[in-house]
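If you scroll down you'll find the structure; I have some questions about it.
Each chain carries a letter (A, B, C, D and E) given by its place in the written order, and its residues are counted from 1.
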Amino acid sequence: MSNLLGKGMIDGLVVTAKNFVTSYFDGNRKDRLFTYQYPEERMKLPENSRTFPFLVYDGTPDQMRCTACKVCETECPPQCIYIVMERDANGKPLLRPRVFDIDISVCMQCGICAEVCPTNAIKMDCDFERSAHGRFETLLSHLPELLKSNDYYHQIKSAEATRVDATRKPVKKAAAPAPVKPMPTPADILTEDERSAWQRGCQSEIGTGPIVWPPPVVVKKKVAGTNTEQNVSAAPLPTGTPWHDSGIDIAARMELAKDRSLADKLMAAMAQLDCQACGYDCRGYADALASGTNSDFTLCTPGEEETKNMLEKLLKEAGKL
Amino acid sequence: MDAIYQLIHDYCPTMPDWLALALAILLPIAIVMGVFLTVFALLTWVERKALGRIQNRRGPNRVGPVGLFQPIADGLKLLTKEDIVPNAADKVVHFLAPVLVVVPAFMVLAVVPVAKGFIAVDLNIGVLFALAVSTASVLALFMAGWASHNKFSLLGAMRGVAQVVSYEVPMVLAAVVVLMASGSLSSVSIVEAQRGLTGWFVCKPWGLVGFVIFQLCAMAEVARTPFDLPEAESEIVAGYHTEYSGFKFALFQMGEYVAAITMGGITVTMFLGGYLGPGCDLPKFGWLISACWFFAKLGIIVVINIWARGTWPRVRVDQLLGFAWKLLLPLSLVNIVAMAVWHFAPNKLVGWVESAVLLAVAIVALVKINAGQTFEKRSYRFTS
Amino acid sequence: MSATGIIQTQTLEVSLGPQHPSTHGVFRMDVVLDGEYVVKLKPVMGYLHRNHEQLAEKMTWLGSMPYTDRLDYFCSMTNNWAYALAVEKMTGLKVPERAEYIRVIMAELTRLLNHSCAIGFLLSDCGAWFTPVLYALREREWILDFFETVSGARMMCNYMRFGGVRVDLDDASLAMARNIVARWPAFLDEFEKLMTENEVLLARTQRVGILSRNLAINASVSGPVARASGVEYDIRKVDKYGVYDRFDFGVPVGEAGDTFDRYMIRILEMREAVKILEQALRDIPAGPFIAPEAKLRNFKVPAGDGYGRIEAPKGELGFYLVSEGGAKPYRYHVRPPSFINLTILEDMCLGQKVADTVIILGSVDIVLGEVDR
Amino acid sequence: MNIVFLTLSAIMVLGAVLAVTLRNLVHCLLALVVFFLGIAGHFFLLKADFLGAAQILIYIGAVAVLILFAIMLTRNISGTEGGRSSLGGAWWLGVGLASSLAGMMCVFVRRSELVTKLPYGATEEGVVKEIGKLLVTDWVVPLEIMAVLLTAALIGAVVIALEEEKKR
Amino acid sequence: MIPPLEQVREMLSAGAAKSSLLVEREEAVAVAQFLKTDPQLQLDFCSCVTAVDYIKQDCIEVVYHLYSVALKHGPVALKVRAPRALEQCRMPSLTPVWRGCEYQEREAFDLYGVKFDGHPDLRRILMWDEFVDHPMRKDYVPPMDYEWEPTPHAETLARAKQTGGTVPASALEAKK
């Protein structure tokens, strides 16, 4: 305490003085004055930097790569993506999302959706200026805002985009080319029930009683004589499929469907995600394979290897192949 | 003041007498307040720019060309900020405290000779008046701390009072040396006593030690790093002005910074030869050059303050008080003896050497005595 | 222990936090003061409790990986590695050479980043008006840019996967890492010249907040805080996880165990980290950056429990995982170093002054994301 | 000139009265400080500016702070728990005593000729030198005794502080 | 009874993750003392204390991972089990043996409801003191009314109530 004015303090003064003086000479070097004067002087973001996800389309916004297989919706840790498959009049899936919402107030930009997407449909953007006026509606980005062209993707992440383009084989669209429908305007895109269904699904409220997952697909039907529409939820899946839970692994599922019909065994082999990547839901695809209308057993993309080998084994046993 | 009174009478004799007198009193006050308020605004800007540059970042550069209007922006912001008074606070005292902080800071300006012949009030007890008034700020600290009815401000107030009171004594004793040398209390005569080439008191051994003691005590009086204990942000939030917001907080900041400037002014007057400097006696622009000298020296003192603030950590309370009572006080007493030895020495050289030797011995002895807590050199072993 | 001296003084009950400039986050200390001396000190925590462990039980194994970034948000890379290591220990997944080297590089860069900021904040608690912190932040900017170039995000990297890492280090980022590491010795010298011999700092930190060696071991204190009190225990040397046994580096150990020792140990550890980085960057092999058999989706961990731990910058960071063989963990527990290092905060602060409690808390270097989970 | 004198005295009297009657001790202290300022003002009016500055330095700088520390050690400072009104029972006896004392003071001051003559030929700048000379020539003995007394007090304070430190 | 020394030493040498020692509640402190003081073991560093809720086996297991700083050898997992019901969920605290367990046992009490006898200061550490339930238990149903704010979420809650979402007793109790 006594030799307070010793050498150490003078050294400190020398260091700060040196910093002060040299800051005027090499001030513009970024390793000396490292602050960026933000709006005027912008930092060049490295290519890998990721903020919020966006959907990629090739050519016109209508040819979007996303097949609404809902893999990203299940894998997303904070559950901030909500997808509703587009169906034509009589309920046949059209391999395109009618509703694709991302709640960017919940999204934590972890990039897992881009990683797990089987069809390279969703990629991470690097535009971070996404402020909005409201806390709910404006921070919920709907399908039209999310869609960005592949050239934009090339523009922001050229190396990654070229790598992705090289690996992408032309995806065979199982369904017939759907008639070009005008893009749904936001007004009618999310009806009242779908909004609450989305909130149940998206808000990841822990343990709020039994969550029916995925939310029941609601088809509107005009009630005869009145102009009100009555919501009729599609027939829930037959209860007799205990294996229909993506949490159980394939061995356990096959165990459950041991002494069942071929169709049930085929269904047990699926990835149980009803992701419609194969053009049907799990039940539909298993029935199609069993009845021979569709002989291609490699369409269950989320199931990956284990489902394909199991389907091949089952079809061989049944002599279909 | 009477010089200005003559000035007024020469230019407009028709003016009634009492108006001239009133003008003679008010004019210097207006000048001093105007000059030193702009210096205060400038000081906040210089401090933030300098600290920024020390810390590898640009200081404020948004408001005005190089951030020059930043003090105005701060002032406006604080003016428009809501002035929250805690309901448990003692309203009257809570309101009075900021006023009492600012008043002494500005009153001391009355006796600081800014330039040749430019002094607000030439009291013949100038320095004593300055020191007396600056002790009044002790009460303001306590009132602020006590009235805010908040534990942190109480702690801050107690630290502030202890610090100011205990640094008052060595400061006055360091000033005594200068009074002995110049033979009078009036600040103008002190400055005049420092004429000549090596006339500045700081060039004398006892003057240098007195300057160092006075500068340390001034930093402690005004609570600047390394002695900024009363409002130590990291420990007791903001010390005695935790519960102040809006313009009252601005008054506290103004009081603190202006006190720093005035203490700098007095240090310059007493030790660095006020407005003296080559060229301050020229007939035509003598007073302008002397003003430049004064503000140049004031700038040096302010730079030292800012430099210390950007570098050194804060001292703890007991070390702070120990440093004042066990080191500065005895050193200033020995300094007075050294001054006497220098004064009564047969010739200048012998006196100079004798006092220098005496002071050196005193400093070494005091450092040895207080070396209670030695800092051991630590060695660290590396396990594989 | 109120003063029974001549004047009967009244003790003052103060709560430092949760809204306090130097508690490194929402953390409260109920302090009973007698004058300036601390008579009793009770830490209160839980303000940042997000129940990360229950979230993990409802998510897949991979789903919790981005959440580990939010534990000790200063060192996201080491959190990822600890979680990945625990899962690899249970599944027996073999990590390729290159991935091990990349993991060591990322962990040591995180150690540099964490120690420099920890010392910076400790010094600004001492009152050095944020200058040391901004010198540390200047170097930290370069490391965060490197993390962003590689993993995509500055602090929330979500970079490591079970069996390796997500993105490979191409030559450009390796070169960037090399010149970052080249800058560090000069920065460390400047930092030491600025602060280490400063008498005011010596006066304020020597013989303040002393932690004895036995109490450190008994209270399972880990990391620089324990090593400053003479505990020669560094998990990189004991468990020899990853490829740490290939690098030669020392582990600094102090003996007085006061705040100054904790400050010096962190500086010496930074110098050792620079040594490791130089060796790792020099001989990083080519090859796959993730195990070929590593699965991203439907990743299943065989039933059973396992405990994996690493030497995180703040101490021993461990993950205790119980799996029922499903896609979701049955029990997921984090052993956070800051939370357990706080056990001895009161023992160190008794008898010290208010100004010292703030510095002692700063020298223990806690982050509330990890304390409250 | 007497306007200033009258206002100053009025402020002083107000300060003194408030110092006695206010409930909150801290407010009393502030009123006392106003009173001391009044006295300093009077000294300046009488051109004894050394005394004025000394008054500010000693009474406001030191005595007020001393009273402040004393207040810090008392129990009920805001005076609300007191209960008894501050004027106390026999307040009329106090007033009578005070007024008679004041009357006697006026008579003595009127009679002595001290008022008319400026002491010791106080010229403009000479006062300070005069006081300096007197202190070192005629009054040097009391000065030395007071010095010894003050150092004894200082050492006593240090000893008490050290004892407190040992107990810690 | 104190586990035979060889069994523990062979468990340590094996160093596999499977080295765990299931101990009766009554003997926990004695075994802990033995593990800590035995010259060959010297497990003086209790690194991690975890409570695990095995709802199927109706028991809560507290796992202590012990290391030795002196001899630098690997983890021994000391496991103590107690029934799940809140009243009988008691076990002796090992804080007197290892001071490091103090906060972690308080966390186990706070999140799992395991009462540790002999713990110097058993209070809630992460949740606020007036909190009634133990949140990490498997059968815990979180209260529906966290800090309420009139947002579209309100519809979600209305929908949840309408479709039979349960409001747990603890939430009503906390509301009282």
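Note that in this section a residue touches a chain if its C-beta (ideal position, glycine included) is under 8 Å from a C-beta of that chain, and two chains touch if they have at least 3 such contacts.
Just so it is clear, the structure is predicted and the values come from calculations on it, not from any experiment.
Note on connectivity: the fewest steps through touching chains from chain C to chain E is 1.
For chain C, the chain whose average C-alpha position is most distant is D.
By count of C-beta pairs in contact, A-C exceeds the other of the chain pairs A-B and A-C.
Distance from chain B peaks, on a Cα-centroid basis, for A. The central chain of the assembly on a C-alpha centroid basis is C.
In terms of their C-alpha centroids, the spacing between chain D and chain E amounts to 69 Å.
Taking the mean of the C-alpha atoms as each chain's centre, chain A and chain D sit 82 Å apart. Averaged C-alpha coordinates give centres for chain B and chain E that are 60 Å from one another.
Centres computed as Cα averages put chain A at a distance of 33 Å from chain C. Multi-chain contact residues, meaning those touching two or more other chains, occur in chain B at positions 54-57, 310-312, 315, 319, 373. Chain contacts: chain E has no residue touching two or more partner chains. Contact of a single residue of chain D with at least two other chains is seen at no position. Taken in their complex, chain E has these residues touching chain C: 17-18, 20, 44-48, 50, 52-53, 63, 65, 69, 72, 74-75, 77, 98-104, 111, 124-128, 135-136. The part of chain B that touches chain D in the complex is made up of residues 90, 92-93, 96, 123-125, 128-129, 131-133, 135-136, 138-139, 142-143, 146-147, 158, 161, 165, 168, 184-186, 325. Put simply, chain D touches chain B in their complex at residues 24, 26-27, 30, 33, 49-50, 53-54, 56-57, 60-62, 64-65, 68, 72, 78, 124-125, 127-129, 158. Note for the complex: chain A touches chain B at residues 1-4, 9, 12-13, 15-17, 19-20, 23-24, 27, 32-35, 37.
On the chain B side of its complex with chain C, the touching residues are 51, 54-57, 151-152, 154-155, 225-226, 228, 232-237, 309-319, 373, 375-376, 378, 380-384.
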